[in-house]
Amino acid sequence: MDKRAMIGARIAKELKDGDYVNLGIGLPTEAVNHIPEGVHVTFQSENGIMGTGPKPAEGMEDEDMINAGGGYITALKGASFFDSALSFAIIRGGHVDVTVLGALQVDQHGNLANWIIPGKLVPGMGGAMDLVTGAKKVIVAMEHLDKKGNSKVLKQCTLPLTAKGLLSLIVTDMAVMEVTPQGLLLREVTEGFTVEDVVRATEAELVIPSHLLDKD
Amino acid sequence: MDKRAMIGARIAKELKDGDYVNLGIGLPTEAVNHIPEGVHVTFQSENGIMGTGPKPAEGMEDEDMINAGGGYITALKGASFFDSALSFAIIRGGHVDVTVLGALQVDQHGNLANWIIPGKLVPGMGGAMDLVTGAKKVIVAMEHLDKKGNSKVLKQCTLPLTAKGLLSLIVTDMAVMEVTPQGLLLREVTEGFTVEDVVRATEAELVIPSHLLDKD
Amino acid sequence: MFKQITAAEAAAMIAPHSRLAIGGFLAVGAPEGLIDAIVATGTKDLHIIVIASDWEDRGIGKLVVNHQVKSAQVSHLGTNREIQAQMNSGEVAIELVPQGTLMERVRAYGAGLGGILTPTGIGTVVEEDKQIISIEGKDFILEPAIPSDFALVRAWKADRCGNLIFRKTARNSNPIMAMAGRITIAEVDEIVECGEIDPEHVVTPGVFVNYIVVREEVKNG
Amino acid sequence: MFKQITAAEAAAMIAPHSRLAIGGFLAVGAPEGLIDAIVATGTKDLHIIVIASDWEDRGIGKLVVNHQVKSAQVSHLGTNREIQAQMNSGEVAIELVPQGTLMERVRAYGAGLGGILTPTGIGTVVEEDKQIISIEGKDFILEPAIPSDFALVRAWKADRCGNLIFRKTARNSNPIMAMAGRITIAEVDEIVECGEIDPEHVVTPGVFVNYIVVREEVKNG
């Protein structure tokens, strides 16, 4: 399994039967392919559908059927279409159980930055700020290091925030970290890495349970 | 024609082809029976329908088809059902051209009181405050005098207001008065009454155009 | 995903002092089976959020007659003498809210908003003790979201995915109340399979619905 | 009641400095025929209110490429390099608005509200220079309604009473934008008779619609 698939598989384990889930574009969508058997979750796309299905077969695309990333989708039986205001009422009102988003940076205070690199890249926040604010559980899916090898898990985000202190869980190719009042709790280390590897790749302070240290 | 039918007929003349109209319960509904030929208006009922039709034939009533007064209605072709929030978005957002309401009191500042007699009768404002605030044109349909023979057209309302300064037109059994920045402009006197009769029955100051005086 | 329960099971979840957002307009579209079940439990000190207080023997009027209501946010009391009597005697505390404002305040809670600014009520007693906010020279009343613990709604049909459709003017406040409950319970005529309600025609998506009670089971409730 | 006009007639109504609330999400559900007609007029200094800036050759991107846009309230620019370039050069003034906030602010205008209180953006640059209102100990940003002169929307079908239905995810922001225009113009595939759209299935009631343009007339626009 490649890095991205691994992250997707790990995130899929966080989804519980009956959950309503919104996956951000890019890496988070990897989770779709790894939902455990017996777990039935319903996916929302914030442009106005609950109950998205798999990509249509080639040639079966419908111009009016896209997800929030612009990719063609299908609708499952029991899906519903609605307008953007209701879609964000669902999100902001706390009716989405889990959202998974990508990140440029996260930090030990549960902050997330994923919508702007001032002066360089200004895609805008789209629906991300509402998703992080409204979803019951916010999971970040990202690679631990950026392309230059710098840690994306910081003491304090340096980029403008998407939301303040609202992250629940950070899943990277190297580790799974939970945001707690005591800081970032290291919950899992990916096979092939040591706790030391993770600590070295993490600018943030980590809280490390002893059973993980024993494992090394 | 009785008093109430006469008021209804006069109000109907204010409705223009293409208007969206909301009629309050009671006296205002009289207007329905007097829409001029060639004038097509669409009636809203704020409990959630645009395009109400006439009362159903006896035995054809549908428990789920009522207007805001609780009376059985039908739906015309091209009607739509919607929820109460959208219904009041239509009203408050200025999408209703004309609303017609009953009144306990009106005054020369364009104020309306029609929802409470403190200590005596507290029906509540229901949708009236939103209707008066939101509709493009607000017409009051009422009898000129109360049951004790006191004027309901006052210098200043003494009952708690439904809305402040938002009336356009007052139609009674005796007269038609327009709310203007200069005060209540007497536009018409009902046949059988003199200007003097109207002035005597009106506590408010009236602005009287000379052509009406000539008529006496 | 919703769980199917009986009206009695639904009523048993509702503790004293619960805040109930109940659908219906003059009892049309009211969840009568759920209301009857709450009457049967006798649970007291309820706070109700409703468009109107209905009639003594229909809709939420039955809760009032049974002295189960401690307070209400409501726009119209005109059809129910009992609630007016209980208001005058001090048994029930009433906050009269303009109907459009009531709907927006309930919707705001369901949509995660803190409140809304409305022009309705400016210059009337409704604005008393409230913050007035001026936007571009026009005054608005700041009206906070109305929280609720349970939303009790009446729909026509649900599908197994929880999607709801309503019937004619029985829709009224139901889709709005359904958005707002921490726990939303829908009373329906029947539950059909997922896919039997066209995705284009769904009014309340299943994500808002926690429990469903099928009406025929409670017809004699 | 709406009037049926051509896309060119619609575009001719739009003066420089008009504020346009335009439906669509990444150009899906965008009123392409109306946009093309506005491109043809060349009318400049437009203010646009849109979810996203679409692509250079699809949706509102075409207005940007043709240098007709002076300012925008928008949540996402990521798919359109031209608007980013014009923003960086100072040609276009951008207010980035979280998507849910944008929808509520547009809806507020259509619903006659002055604004809404939202938690979205608290603790971020979005809250800068805005009033923060605390309700029950939780902070919200006061976000004012976004006014618009014209709403330009894309629907699937209209009936002769002006009622609109949409198609699948092409619905997106269209019903909300449609509520908000002082003048709302809908581009549709066809106009059917009143009664052909079931009253239960109407998404945008005709009361919101002032003009309708039938799409086939503008297919080569």
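Think of it as A, B, C and D in the order they're written, each chain with its own count starting at 1.
Here is the rule we go by: a contact is a pair of C-beta atoms (placed from the backbone, for glycine too) under 8 Å apart; a residue touches a chain by one contact, two chains touch by 3 or more.
Keep in mind that this is a model prediction, so the values were computed, not measured.
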Pair of chains joined by more contacts [C-beta pairs], B-D or A-D: A-D
Chain whose average C-alpha position is farthest from chain B's own: A
Averaged-CA centre spacing for the pair chain B and chain A, given as whole angstrom: 55
Separation of mean Cα positions, chain D and chain C [Å, integer]: 32
Rounded Å distance, chain A centre to chain D centre (Cα mean): 29
Distance from the mean Cα position of chain D to that of chain B, given in whole angstrom: 35
Residues within chain B bordering two or more other chains: 49, 75, 81-82, 88-89, 91-92, 133-134
Multi-partner residues of chain D (each touching 2 or more other chains): 104, 107, 111-113, 118-119, 166-168, 199-200
Chain-level touch network, classified as line, ring, star, complete or other: other
Pairs of chains found to touch, sorted by chain label: A-C, A-D, B-C, B-D, C-D
In the complex with chain D, residue positions of chain A that touch it: 45-49, 62-68, 70, 73, 75, 81-85, 87-89, 91-92, 122-130, 133-134, 160-165
Residues on chain D engaged by chain B in the complex (per definition of touch): 1, 107, 109-113, 159-161, 163, 179, 193-195, 197, 199-200, 202, 205-208
Residues of chain C that touch chain D when the two form their complex: 104, 108, 111-119, 131, 133, 135-136, 138, 140, 142, 144-145, 165-168, 199-201
Of all residues in chain A, those that touch chain C in their complex: 17-18, 20, 40, 42, 44, 49-51, 75-82, 86, 88-96, 133-134
Residue ranges of chain D touching chain A (in the complex, touch as defined): 25-26, 28-29, 51-52, 74-79, 84, 87, 94, 96, 98-101, 103-104, 107, 118-126, 166-176, 203
